[in-house]
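I am attaching a structure below and will ask some questions about it afterwards.
The letters A, B, C and D name the chains in turn, as written, and every chain counts its residues from 1.
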Amino acid sequence: MSTSPAAGAARWAASDPNRVRLKDLRTEEMVLNMGPQHPSTHGVLRLEVVTDGEIVIDVIPHLGYLHRCFEKHAESLTYPQVIPYVDRMDYLAAMNNELAWAVAVERLLGIEEDIHPRVQYIRVLMAELNRIASHLVSIGTFGQDAGAVTPFLWCFRDREHILNLFEWASGARLLYNYIWIGGLMHDLPVGFEERCREFVQYFRPRVRELNDLLTYNTIFVERTANVGVLPLEVAINYGCSGPMLRGSGLRWDLRRDDPYLVYPDLEFDVCVGRGEVGTPGDCWNRYKVRAEEIEQSLRIIEQCLDQLQRGVARRTADFDPQKLCPPRVVPPRGAEVYARFENPRGELGFYILSDGTEKPFRVKARSPSFSNLSVLPEISRGAMLADLIVILGSVDIVLGEVDR
Amino acid sequence: MDYYRIAFYLFGALTVLAAVVVVWSRNLIHAGMGLLLTLFGVAGLYALAAADFLAVVQILVYVGGIVILLLFGIMLTQRIAGRAPRTGVVNRTVGALIATGLFVLFVMVIFSARFAELPWIAQGRMIDRESAPPVGSTVERLGQLLVGPYLLLFEVAALVLTVALIGAAYLARRSRQEGARPRRMIS
Amino acid sequence: MMAQRGYWANLRTGLRTVWTGLRLTFRHLKQARRRRAPVPIWDPSYFRQPDGQVTIRYPHEAIPVPDTGRYRLHNHIDDCIGCLKCARVCPVDCITIETIKAVEDLGTTSNGQKKRLWIARFDIDMAKCCYCGLCTMVCPTECLTMTKVHDFSEFDRDNMVYHFANLTPEEAEEKRRLAEAAAARPTAPVREGASEKPAAGSGKPAFAPRAVPRGQSAPPGQAGAPATRPAFAPGAVPGPEPEQSGEAEPKAETSSPQAEERKPTPRPFVFKRKES
Amino acid sequence: MGSGMEFFIALLGPVLGVMFVALLVASFIALYTLAAVYAERKVSAFIQDRVGPLETGPRGLLQTVADILKLLLKEDIVPRMADKPLWVVAPFVVFSAVFVGYAVMPFGPELVAANLNVGVLFITAFAAFEVAGLLLAGWGSNNKYALYGAVRSVAQVISYEIPAGLAVLSVVLLAGTLNLQEIVLQQGIGASGPRHLFGLPFLPDVSALGGLFTWNVLAYPHLLIAFAIYFIASLAEVNRAPFDIPEAESELVAGYHTEYGGIKFAFFYLAEYGGMLLVGLIGAVLFLGGWHSPLPNLGPVRLADWTTGPIWGIFWLLLKGFAAVFVHMWARWTLPRLRVDQLMYLCWKVLTPFAVAMVVVSAFWASWR
């Protein structure tokens, strides 16, 4: 109404033919608050969405609803005590977080090379199992975001087997505290390797089933392909990592490019978005990278099992991984380390600065979900509201890690 | 008093009352809903007049189509957050003049028409409702009329609608191109 | 997509994939006649279960918890030497221990360590516990363990505080006085009156539920530093006459045979409600 | 006074009769909804390797009864900022739009509440009227998600009504009537005029055989495609997956009924499930022989004759309707959801051209016959 002519003629304004121009004939912008209570924000994330009808003009993620001061907390805890806390960062991939923390501290202590091979293989086995579990959740919820509920429950059905394996090995189903600095909490229970192999055999056909039901379903492809395209430069500039980055076509995997533990000895492919459907960097390719990584993880698991059953990491009677842990973890004063690891969601990095006591002086976690989430507004502008949900699902965030 | 009469008055009352809501309500959505009810009442009157096809088409086109789109437009273009969309009273004098003039005109027409003497009404009055065969479907007659004597008008109407459709598509395209925001076209 | 592959190809793919999906889900619909048995993962038949329903009807049936299962904490107080290691290692500070130096002989633990301290207070706030299991790993006498009992929800948060001490507050006060007296006169002989108590730890259910004033059972203000708490804290004053609350038997106890053998088990302290 | 009493009796008698029928249908819809919700849960559970409701009643059969009792007992909340009259009336508008559709549904020979000459149009018209209710709900809730749901449902109605209407039209052209009962009568043993197998004159006349062969989809094979189009469009009409865009859970929480609870929410549910059955029944009537038996007369074995009658009519029609409802559920738990513009694409660029083609085929067929 501000364009109305002189005040005296104001009441004629509504019928003034020159008042309305074609470009003004658009719907009004509306701010839609998605979350923190919303079925598809994967936790307590709040998205402030500026919409023009169905079209998303801008997205502003509001974080911090799950902030628990992990980094500050870590300064008042001894190094082994931090492990239960890192579990709770990316609670869907707790093993990977533990592994990251343990190896980072070992690097700080300078004992990374001395880790017993069996410990190393068990760690890799656990990390890859957890990668599968995490990707299953990611794929399942992504399908649900697109409206397919059944794949979600099938994924959870199979994840349950991994959780059972973990409970058997570590005693806990979600937050394990299994990988310790220098060692492990326990050795694998007897029979674990065999059961793990059976899991691999059991699981391979399920991945095919999932592909039939979801991956190549036309509706799913239509919903996800060419949606939320993340160009490679943008991905690099925003510090995206993990499947986000690989989905855009960069063959970058820290397990291969900055290896740790026994990954150099293991054979696996780095999956990238090839644009088999859609274009590299879209939601479908990110999804596909995860689906393919599940199969690569199965490969790694089989190789680990070979070593654990017959190879260098055979079970021995005197092997006690708890005894391998240093009784007191006191890095030298001034020692610092930045160690980075390939988590299911991307590059998890820990910067640790020691002041020569049992407790770290400063800890900084570079969490992959946080960086990946930051690119959300960039790739969802101009998409539709339904796409926004799919894009958010394809970014695959865990709020425990975003907020820490 | 038979059912037809009761139903007639019910639908009549519905039509008039809803029309009053349309006129008096300052909430645009309420007015739109009133319009919907008015047209629904009119459809009921059509049905009572044995024009079943017309009644159903009235509901299909006006109630289910046009008014819904009207409301749709109001909802999309008016401010959504905050207060409900309201109309102001503008052009009081002119409006009153036109309304009064129309009213007088209609009343004059009604009183000068002498409906009772119209041939088809007179014919209808002579049919005994109890013994007469039920009124057949009007669909066939209407169809024959539309593609027979009124073919040209039918085609013209179709043409007008097509032009309107093309125009709407054109407007939608224009505004999208003018939009500064890039929109990736998907599939 | 559609532009890439053309209208007809896309239509064909669409129909084909939709049909594939429908066939797949229909197969699962038919499979629902069978169901998995709730076998534990260490059972060799675990991955040879039939395809079909996988839901476990939880209260009626459950997957057995492995022996490594880390759930509710239990302290076998007879073996506890009050070394405070568990309280110190706990990342969330959920263990509160108060000890009193014993002037009399307390015997040894089951693995032969000498006991020198009365445990006036051994409270675990299971509501705070993060189930990391660190405390059980450092325990030198292996008296602190995590049991397989995993279902022990409560209506009142105070009931999540488990008391394991082997002294009632009155007894604790008594022991404290004795200890202070002994500290004042280091060479003084052990008083006769105290010797009636040495078997207290094993002779009676020392850690039976007992009443502590509400403010003391889980003092929020003390959450920060129970581990470094002085042993002779003045906070542990005798409470009022105990309200008997033994009838509130935690029902989850019965589901685990292991917990069964450890009877008498720690019972959460239950406050009587007004209406009961 | 006497004349007054007579007047009232004369007035009330038929009114009571109509109300009795209406109540019958309403209670049928309510009972059917209870069963359908239970079935939906079980179907979804079995597809997803779960067990579904099990605890309430034998095999969980009373679960939906418990749910409806809960809904009835819930406090009837009106959001403070809601547009109250619209908000209150919306669920009932939605439900009655579906409910009215059952009035013209022929359940058997002589078994139709209102044998309307324009039955087909009538149902189409009131299906469109349902959208008015959704719009009221969406606007009246004063909730952005609800408004999105309402707006989407209006955008959807325009898209799916075209192919659905054209598919229906291709039947109507061949039937030559808009009366649903007559359309059914043409598809059975009582059909007047010859009805050749697959509509081809050199094949034998099957009108005496009855059963499956006289159904529209077999008498005019091109109607199979029309039926597919109608079925897909009817999924969209009742907002079922993959077209559940107006109530898309992952985006719009619950769409237009986000704010509703208690009995009003129950009415939305009744409308949804009643609508599912209704569109299934219409499909059966138009394409699958309505209340006619699928069993043909084979010589002395008069299967079609034996399985025709009022009770059989209800049985066969409901069987066909329930089959359609089952397919609705099956599809829902298999397919992801389309986006709004993809629904438009599907409706305008895929279904509509094919539906137009079917109308053209029907027109030629009808004139050639």
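As a convention for this text, contacts are C-beta pairs under 8 Å (C-beta built on N, C-alpha and C of every residue); 3 or more make two chains touch, one makes a residue touch a chain.
Since we're looking at a predicted model, the values are computed, not measured.
With centres taken as mean C-alpha coordinates, the chain found closest to the middle of all protein C-alpha atoms is A. When chain centres are set by their Cα atoms, the one at the greatest distance from chain C is B. Computed centre separation for the pair chain B/chain C is 73 angstrom, with centres defined by C-alpha atoms. Centres computed as Cα averages put chain A at a distance of 32 Å from chain C.
One finds 44 Å separating the Cα centroids of chain A and chain D. Between the Cα centres of chain C and chain D there is a gap of 57 Å.
Residue positions of chain B with contacts to 2 or more other chains are 76, 80, 186-187. Listed for chain A are residues 30, 53, 150, 157, 213, 217, 219, 222, 226, each touching two or more other chains. Residue numbers of chain D whose C-beta contacts span two or more other chains: 47-50, 144, 151, 333-335, 341-342, 345. On the chain D side of its complex with chain C, the touching residues are 43, 45-51, 54, 330-331, 333-335, 345, 349-350. If you check the complex, the residues on chain A that touch chain D are 30, 32, 38-40, 53-54, 143-150, 153-154, 157, 213-214, 217, 219-220, 222-223, 384-389. Those residues of chain C that touch chain A in the shared complex are 1-2, 10, 13-14, 17-18, 20-21, 24-25, 40-42, 44, 46-48, 54, 63, 65-66, 68-70, 89, 91-92, 130-134, 137, 146.
Residues of chain B that touch chain D in their complex: 1, 3, 6, 27, 29-30, 33, 36, 52-53, 56-57, 59-60, 63-65, 67-69, 71-72, 75-76, 80, 84, 136-139, 186-187. Within the complex, the chain A residues that touch chain C are 77-78, 80-85, 87-88, 150, 157, 160-161, 164-165, 167-172, 175, 177, 185-186, 189, 191, 195, 198-199, 201-202, 209, 212-213, 216-219, 221-222, 225-226, 277-278, 322.
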